[in-house]
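Could you have a look at this structure, given as structure tokens, before my questions?
Letters A, B and C name the chains as they come in the text, with residue numbers starting at 1 for each one.
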Amino acid sequence: MKTPFVAAVRAIVSKDLRAEWRSRELVSAMALFSLLTVLVFSFALELDKSAREAVISGVLWVSLIFASLLGFNRSLSLEHDQGSLDALLLAPVSRSALFVGKLLGNFTFTMLVALMLLPLMTALYGVNLLDGWALLTTVVGVFGFSAIGTLLATLAVQTRSREALLPIALLPVCLPFLLTAVRATKGILGGAPQSEWQVWLQLLATITSIYMVLCLLLYRFVLEE
Amino acid sequence: MSRRGLIEVKQLHKHFAWVPALRGLDFVVQRGECALLLGANGSGKSTLLRLLCGLSRASSGSIRIGGWLLPEEAPAVRAQIGLLAHRPLLYANLTARENLDFFAALYNIAPAERTRRRDDLLQQVGLAARADGLVRDFSRGMQQRLSLARALLHQPDLLLLDEPYTGLDEAGCAILDGLLAAASAGGCTIIMSTHQLERMPSMVDRALILSDGSLVYAGQANKDLAALVRQATNSA
Amino acid sequence: MTQLKSDSPLVASPQPRLLRALTMLTALGFAGCLVLGLLVAGTDIQQGQVQRIFYIHMPAFFGAFTAFGATVLGGLVYLWRGSEAWDRIALAGVEVGLAFALINLLTGAIWARPIWNTWWTWDPRLTSAAVMCLTYAAYLMLRAGIENPGRRRSLMSVYGIFAFVSVLLTLFIIRIVPDTIHPVIVGASPQNAQGSFEATSGVLLALLPSMILWLTVMPITLMWHRYRLALRQEAVDALKLKALGG
């Protein structure tokens, strides 16, 4: 009697996208926040065209992760406040389908912000972030921390001071993504030979896969009593 | 399976952080019955309903629905349970129609059937004219009616309602009574918690009365519910 | 004052013999390791006396490793079997492990002052060790923020499993990020490591017993005591509620 996995995922994703299309509150807040972060970093670190690739890739990833914190919190708060998380749990849908559904929504929103930041930072700092490999690194990295972010946001909305706790819970666990993604992006931006930074991209993909498997296995324990 | 009750609850205990909410409930509800769940605020009605739909885990004791153990075997019965909870369980940024379409997809109702049922229900709860209005603009009563439509959408065999009359005006109450009567006539088992003692739908045949987490009465519901509750609670 | 009945949960059940033996072993072993490290092992030619802190610094990290590992195990078994005992083990692991991790950081800073000429530097391994401490501090904060005990146990089991990532990161970061100045004792140190010394037989003589003690007996003993404390805390909570008319 279970609803097929793909049908359930599709229903959840299209629901999230439709609601977001109507209100635009998530992506616009995330985009604005990430822009501000980039600007704040530019002022604080006095970044300009001569800024080093390491700093620029660091700013890119930190801005993305900060913006995603905002988005994940909101996305899961929306489910929690109206009690609709209960409605999802009542439906004959596997818990991993709920996870993948919410993950794909969160991933899409964060990717939209990334796709805005990449050309912007390319223009601001005179580096080429629109390179195919840089894009691939972004997709893999964003997917990875969206997975763990979706799980931890589901956990955090059930705590007393939820808005405050998601960053505390997520940032330390996100560190492997930050570390590898920044290294890979830096190598790509610096025009280093592929053999030098490829290993970082591979590591990033490995960590993403491991997190994804763990999240799929553990998500139901975050939802159910 | 038809010999046994649809719902069988045995020695059900639930406590939150050592505070007992339910203290050893035992009861059976037969298929097709309509039972009222009565008792003062905090007597454990909502807790019991959450347990019966598998959203919460008992501290000890067992719940079986159609022979399946909850919540471990809940996936087998989820599709047959409909819940109308305290909160509307709807998406504020979607229209009434989109909300129903989403839940229909989650319950894997065939697309053609989906449209028909959605339109019928919107008609029945009196929201057909507002089908494309956003839920966040709805009044409490309208949200409650849409929630009812959501709970009935997948034609559940077991309907659990937590204070369904909340926020409904006279017309809304009449709609609710009508839909419940129709569901009951169609063989649906109904358990409904309520404070509206003067309002007893015609199909109600049983009353379960909770007092401070214990079941103090389980039997025939008679016309004078208020007296029944008073009597049962005092004698406990 | 009312006399507590002997069957009251507030009267501690007597310590099991094994626990008493372990406690003794921890105390004696700790003293013995100090003697080995401070007196028996030879003074390092380059670093002098300060090198001796290493006999606590590295074992403390491995003590934290064991304790945090117990949190992962406790979390997994709790999710699988749903028995509260394993959740108490997980919590005990976090608290004991955090204490060990802080000892590790502190001794590291004391060592770095004369050798690197600074208390702290943003070296990858130092950073990840600090992040590890913060991760488990976050665990304790999250745990305090969840009211429903059933939810708290399963949510924290999940977080305890993910938090271990920070431990693995600290352990392996030297292999992934080679630009660290932190020395590696086992295996080859990174090129630019500052303050390396050789693991001679004298060093190993003092290090091995200390490692074994901190890796096994000490965290297990402390966690056992913490576990018993958790039991009594729960009993007190239950009594409080009873007194409040529950």
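Heads up, the rule we're going with is that contacts are C-beta pairs under 8 Å (C-beta built on N, C-alpha and C of every residue); 3 or more make two chains touch, one makes a residue touch a chain.
As the structure is a computational prediction, the values presented were derived from the model and not from experiment.
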item	value
Touch-based graph of the chains, sorted into line, ring, star, complete or other	complete
Most central chain, judged by mean C-alpha position against the global CA mean	A
Length of the line joining the C-alpha centres of chain B and chain C, rounded to whole Å	49
Chain centre separation in whole Å, for chain B relative to chain A (CA means)	38
Gap in Å, rounded to a whole number, between the CA centres of chain C and chain A	32
For chain B, residues that touch 2 or more chains besides their own	57
Interface hub residues of chain C, defined as touching at least two other chains	147-148, 150
Sequence positions of chain A contacting 2 or more other chains	224-225
Contacting residues of chain B [partner chain C, same complex]	16-20, 57
Sites on chain C touched by chain A in the complex	79, 128, 131-132, 134-135, 138, 141-142, 145-148, 150-151, 154-155, 157-159, 161-163, 165-166, 169, 176-177
Complex interface listing, chain B residues touching chain A	53-57, 71, 75-76, 78-81, 83, 85-94, 98, 102-103, 105-108, 134, 150
Chain A residues within the chain B interface of the complex	1-4, 7-8, 10-12, 15, 18-20, 22-23, 78, 82-84, 86-94, 224-225
Chain A to chain C touching residues, read off their complex	148, 151-152, 155-156, 158-162, 165, 168-169, 172-173, 175-176, 179, 203, 214, 218, 221-222, 224-225
